[in-house]
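The chains carry the letters A, B, C and D, assigned in the order they are written, with residues numbered from 1 in each.
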Amino acid sequence: MLVLNNIEVIYSNVILVLKGVSFEVRDGQISSLLGANGAGKTTTLKAISGLLKSELGEVSDGNIEWDGKRIDRMGPDGVVKMGIAQVMEGRRVFQHLTMEENLKVGAHLRKDSMNVKKDLDMVYDLFPKLKELHNRISGYLSGGEQQMMVLGRALMAKPKLVLLDEPSLGLAPIIVTEIFSAVKKINVEEKTSFLIVEQNARAALRVAGFGYVMDNGRIVLYGESEKLVDNEDIREFYMGLGDLGQRKSYREVKHYKRRKRWLG
Amino acid sequence: MDTFLQLVVTGLAVGATYGLIALGFVLIYKASGVLNLAQGELMMFGAYICFVFSVQANIPFYAAVALTLPVALLIGAVIERFFLRYMIGQPLISVIMMTIGLMILMRGIATWIWGTEPKVYPQVFPQESMSIGSVNISYEYLWAAGLSIFFVLIYIIFFRFTKSGLVMRATSDDEHAALSIGISIKKVLSQSWAIAALTAAVGGIIIGALVGLDTTSFPQYGLKVLPVVLLGGLDSIPGAIIGGILIGLTENLVPEYLGFLGGGMEELAPYILVLIVLIVRPHGLFGLKRIERI
Amino acid sequence: MGRTLVKTLSISILVIILMTLPLLIACSDDDEKTENAPEELPDIHVGMSALVTGPYGAYAPITWGYLDYMKDLNERGGIDGAQIEVHWKDCQYDVAQSIAAYADYSKSYDLVAFTGMGTGANLALAERCAEDGIVLAAIGGEPELIWPAQEWVFASSPNHAIGALGAMQYAMEQWDEGRVARVGIAYPNNPFGQSIIGPIEEYASELGYEVVEKQEFELTALDAVSQSLAFRDDEVDIVYVQGTAKSVAVLCKDMDRQGFIPKMVIGPLHVIHPAFPELAAGTGEGVIGWNPFYLWPQDMDNESVQYWRDKALEYSSGDIVSEEDPYMSMLYMWGLSVGVLLEAGLREAAAEVGAANITAEALRNALENVTNFKTGNSGFQPGIGFSPSNHEAYSATSLMQVQDGVWVRINNMFESPWKFAE
Amino acid sequence: MRLPCGIINKSYSQDTAIVRTNLQWLLLVLALITLFTFPYWASPHWISVMIGVWISIIGVMGLTLLTGYAGQLSLGHMAFVAIGAYTVAILMSDLNWPFWAALPCAGMISGCIGVIFGLPSLRIKGFYLVIATLAAQFIIVHIISRWDSLTGGVFGLSVPKVTLGGFEFKSDFSYYFLAMIFALIAILIAKNLSRSRIGRSWIAIRDNDIAAEIMGVDPFKYKLLAFFFGCFFAGIAGGLWAPYLRYLTPEQFTLMGSVWYLGYMVIGGMGSIMGPIAGVIFITILDEFTAEMVTDLATGSPVFAGFVQASRYIVFGLAIILFLIFEPRGIAHRWERIKNSYRLWPFSY
């Protein structure tokens, strides 16, 4: 179980980005972290995975525990070794490596080379399209294929928890659906937990069991997905639905009156 | 025609040696994006360590070479750990300056330990030459060329088929993504410096066997190879060897056939060749094109 | 913030200390000098822009030889009791640094003579010395400094061209094929390399040989195949290589591989290095080098060589000689020869005007009156002498040859032709 | 520029003035007095050292404009210094031009040749540009050392002295003023250039040339301008070296010299005008210190020749390395921080 306990993150000794964030991701659960641009979602993920340090950020207060062990002082390699894999925002593929090499490099920390082969097949089963493309240079793949590949690459490390950053970014809805159903499948079959950061709240809440909403460096709202979906604020701000559940017309946006009912 | 063939063969052999030295540059650039100007000094250290084993400790030459390699690996790792590690995230030019600082320091240490008098290995390669038709090619050059090609093959295999090689290539592609999948950049950097130092040591030993050792002129061979590296592409292993061969050929053929342009053209020709190639292909013949984003 | 402040402060203090240290050292040095000089006779000041470190650090033995000679001279009582004070600074073959050192010493002390290192520095210094009226006691080697004789420049030993001509003279004495010998020259493109070409070509008609091929050949070249082929194709009989032990070895090896064995291979004094036969891996057999000095260990019976070997060990000027490696560097002798030149001039000047009144002017005039100066300690070279038209200490060389893998002297000092001086 | 409290800009000319406060005026006057009286109280040794410092500052200032501001890495700056030096030498000795006419010529010729070698920079970037400038180093010095009829080849040529009216700049004492005045003018020009439209465009190109192009900065024009000014300064520096050394040989303009120019800049701090000044002074003093050390080591006994020969390398290498580890952004940056913490003390936040 991943527990974030009141963490505070500061960039370059000056910029306070997270102001006391606490939440938890239970084993075997899919949680989602929602919020607008600049709310601090990605920073939260980086704080967990240890990538903050390479960007002059640090966790200045609070702690992050994973199965009872503190991980906020660890480097990214240590965190991955503990079983937490991160899929970075924007499909960071190793562009000069082939598809299969990309997947294999994801398993570089594992010693059981026999099972790696098996997991490779598992990823190919999950995304049959990738199998056809296994010898292609990954830099030339389409966005959807790249997103599937980086997700597969993270899975190759056999993680217990996957931190998934904006998987829907810039992708067609049908591919988003495909990716999220794969996430659901892995979650069911392999008991892998997920923490999904999304702006596409509707898609995320459809697969997630639990949701947290971030705004301005704080968790402002959380609850079961079903409850969040019904929450008026969520509907208003993240799904673009009006009071009656219909799509809002742009004419109404002009007369926008509603205020967020939380303190940012 | 005989002269032409002879010069081509010599050019190939010398070029392969250049290629081997260039490999050291490429390895470090691939892993860390650093152009290591102290490569000539790494070569010198390798060559002198082999000298210590083979002449001063009187160990048979091939055993001495075998003993030199682990020491070279260690030197590379130590340099990375104590000097280059602090340069992560600094501007490129500061990193270059760091390698220049290393260059000066290493020259100093070598001068201190071994002095400035020339030193000689015991005879390593047979002095006789092999004749193919009218072309004479010495065993020294054959060995040098053979070893260079051997090492290139080893590195190609290493980078293509081993896990460490894959990890190093991944790191050079995207450092942050590599971090995110748990690759320890520090480990990769120290590995690549160690391997580069080993390559440099082999290159140094070959050059030492060809022309002897001394602390004052030896480091120049490192800088002489710079056009080779940039011609082939800073991050291409086959590029290093092909660039080496091209420069080797240029150096040998130019004075014979373009000698009318004035003496010493063989020193200029590599630079002119590289300039022309770079204007057409800004990343060298085989270098990977970095996609520039805003 | 407190931590950063401490770091800031500590580093700034470090910087300040680093910046002021040299000043402190310089100051403390000056104090010592003024305290430790209570002599009756005023010191004679000479200066040197030395070459000890840097990319040409291999030439450091010249400086050691010079300093050792002066130390020895002072121990022997100096010039009629006047001690000689050497002011020197390591200038790394850098012209600007040499000029700075010269400016410093010539302003701060009553210099009588100055010695520079490197052709560029010497040519620049020659003009300044002439202006200020200070003797430039040059190390032999650069013909352009003393051909023609400049008023204030004196060279301590034969230059490269003289050595080359001496060697050519010897080669022609050995030549018995009854036809014009064909000579090839390999030279690096620097003053050292180019200085010999003209004289060798000019000398050709007189002795009856012909320079048929000139090839540029860098001192750091990895191979010499194209040079070897050019010499082979032109059927060169005698190859003159202006190079170092390393580069001559490379050329010898490559000529051998191309199946081309010239009748004679001649190199300059740098070739005479004990490592050369090994560097050339057997192909250096028979190579000739010219040499203006007697040397350890070939001339073990020469008293002067013995003397200087013992002195070098006593002053322990490092690795120049050691018990295990009984080799005395040619460069060390070069340094000594400058000392001989200065001693000769100063003794002559002291005889004329008295040791207390030696000025640069007096030294210059005295040097032109020196004839066949030879002390027991300077017998590693022939007696030296100058005249108004000749500012070269002597023009004799001997030749050495690699025989069975070691350097052997093949003839005694003989007068080399130097008539091209005028 | 950070100003102390209470200083308010009331007009544009106030805002752009270099010297703002009374304290700054005082310091400036004190510094100028020190510099102008320096030859009267300093030892001959330090006068000649300072001449070298002033001339190097001009050359490194050019490199700072080219590399520090415009981001075009150059490993061949010494070659452009050589062009300036040889231009002045040839114009003065062969054509009997006065120094004052030859010097601007040296700058112009050097700058124009710099532009030619800068042309590839439009396509070649980063480390690959290093080779283009390295090629400049080799090609230019190669031509100088082989054009015997004009440059005297490897044996070099001698340079006449600088005269003004009937006065000859013959001693170090007088040459100090000549070098200093040119250096001060160069500093002023560089300072103003760096904060003009050109300087801002250079910074934009350095930071991201594609972005700069999109914002309307023409990289072609400004990169070439950077090469022109960088090499112009180098040419002026060379033009001042020539009559000071009074004898030029191609050996004086080595690759290591170019490397040291980069070293001055990096140690001093890139992208600031203070940087090259601090860098040149620091390295020169360090150089003097190591030379002094060699003499002390060698005259003490027992002597270890090997160590003496190596000592200068070791001290120098270590100094550079330690500097880069502890202050990678150069002396100028450290100086700014000291100034700021002094200004803000005791409330440092």
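We take it that contacts are C-beta pairs under 8 Å (C-beta built on N, C-alpha and C of every residue); 3 or more make two chains touch, one makes a residue touch a chain.
In this text the structure is predicted, and so the values were computed from the model without any measurement.
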Those chains that touch chain D and also touch chain A are B
In how few steps can one go from chain A to chain C if every step must land on a touching chain?
2
Return the chain pair with more inter-chain C-beta contacts, choosing between B-D and B-C.
B-D
So, comparing C-alpha centroids, which chain is the farthest one from chain A?
C
Could you please state the distance in Å, as a whole number, between where the Cα atoms of chain B are centred and where those of chain D are centred?
32
Taking each chain's centre as the mean position of its Cα atoms, how many Å separate chain C from chain D?
34
Roughly how far is chain A from chain B, centre to centre by C-alpha average, rounded to an integer in Å?
44
For chain C, which residues are shared contacts with two or more other chains?
53, 55, 57, 60, 189, 319
At which residue positions does chain D touch at least two other chains?
146, 305-306, 309-313
Where chain A touches two or more other chains simultaneously, the residues are none
What chain pairs are in touch here?
A-B, B-C, B-D, C-D
Where on chain D is chain B touching in the complex?
67, 73, 120, 123-128, 130-132, 134-135, 138-139, 142, 146, 208, 210-211, 214, 255, 259, 262-263, 266-267, 270, 305-307, 309-318, 320-321, 324-325, 328
Enumerate the contact residues on chain B facing chain A in the complex.
163, 166-167, 169-170, 173-184, 187, 288, 291
Listed in rising order, the residues of chain C that touch chain D in the complex are 1, 5, 8, 11-12, 14-15, 18-19, 21-22, 25-26, 29, 52-55, 57, 60-61, 63-64, 67, 88-97, 99-100, 103-104, 106-108, 118-120, 123-124, 127-128, 131, 144, 189-191, 193-194, 315-320
Would you tell me which residues of chain C are touching chain B in their complex?
53, 55-58, 60, 189, 216, 218-220, 222-223, 225-226, 229, 233, 245-246, 249-250, 253-254, 256-259, 273, 275, 278-279, 281-283, 319, 329
Which of the residues in chain D come into contact with chain C in the complex?
43-45, 47-49, 51-52, 145-146, 153-156, 158, 170, 172, 241, 244-247, 249, 251-252, 256, 281-282, 285-289, 291-296, 298-299, 301-306, 308-313, 319, 326-327, 331, 334, 337-338, 341, 348-349
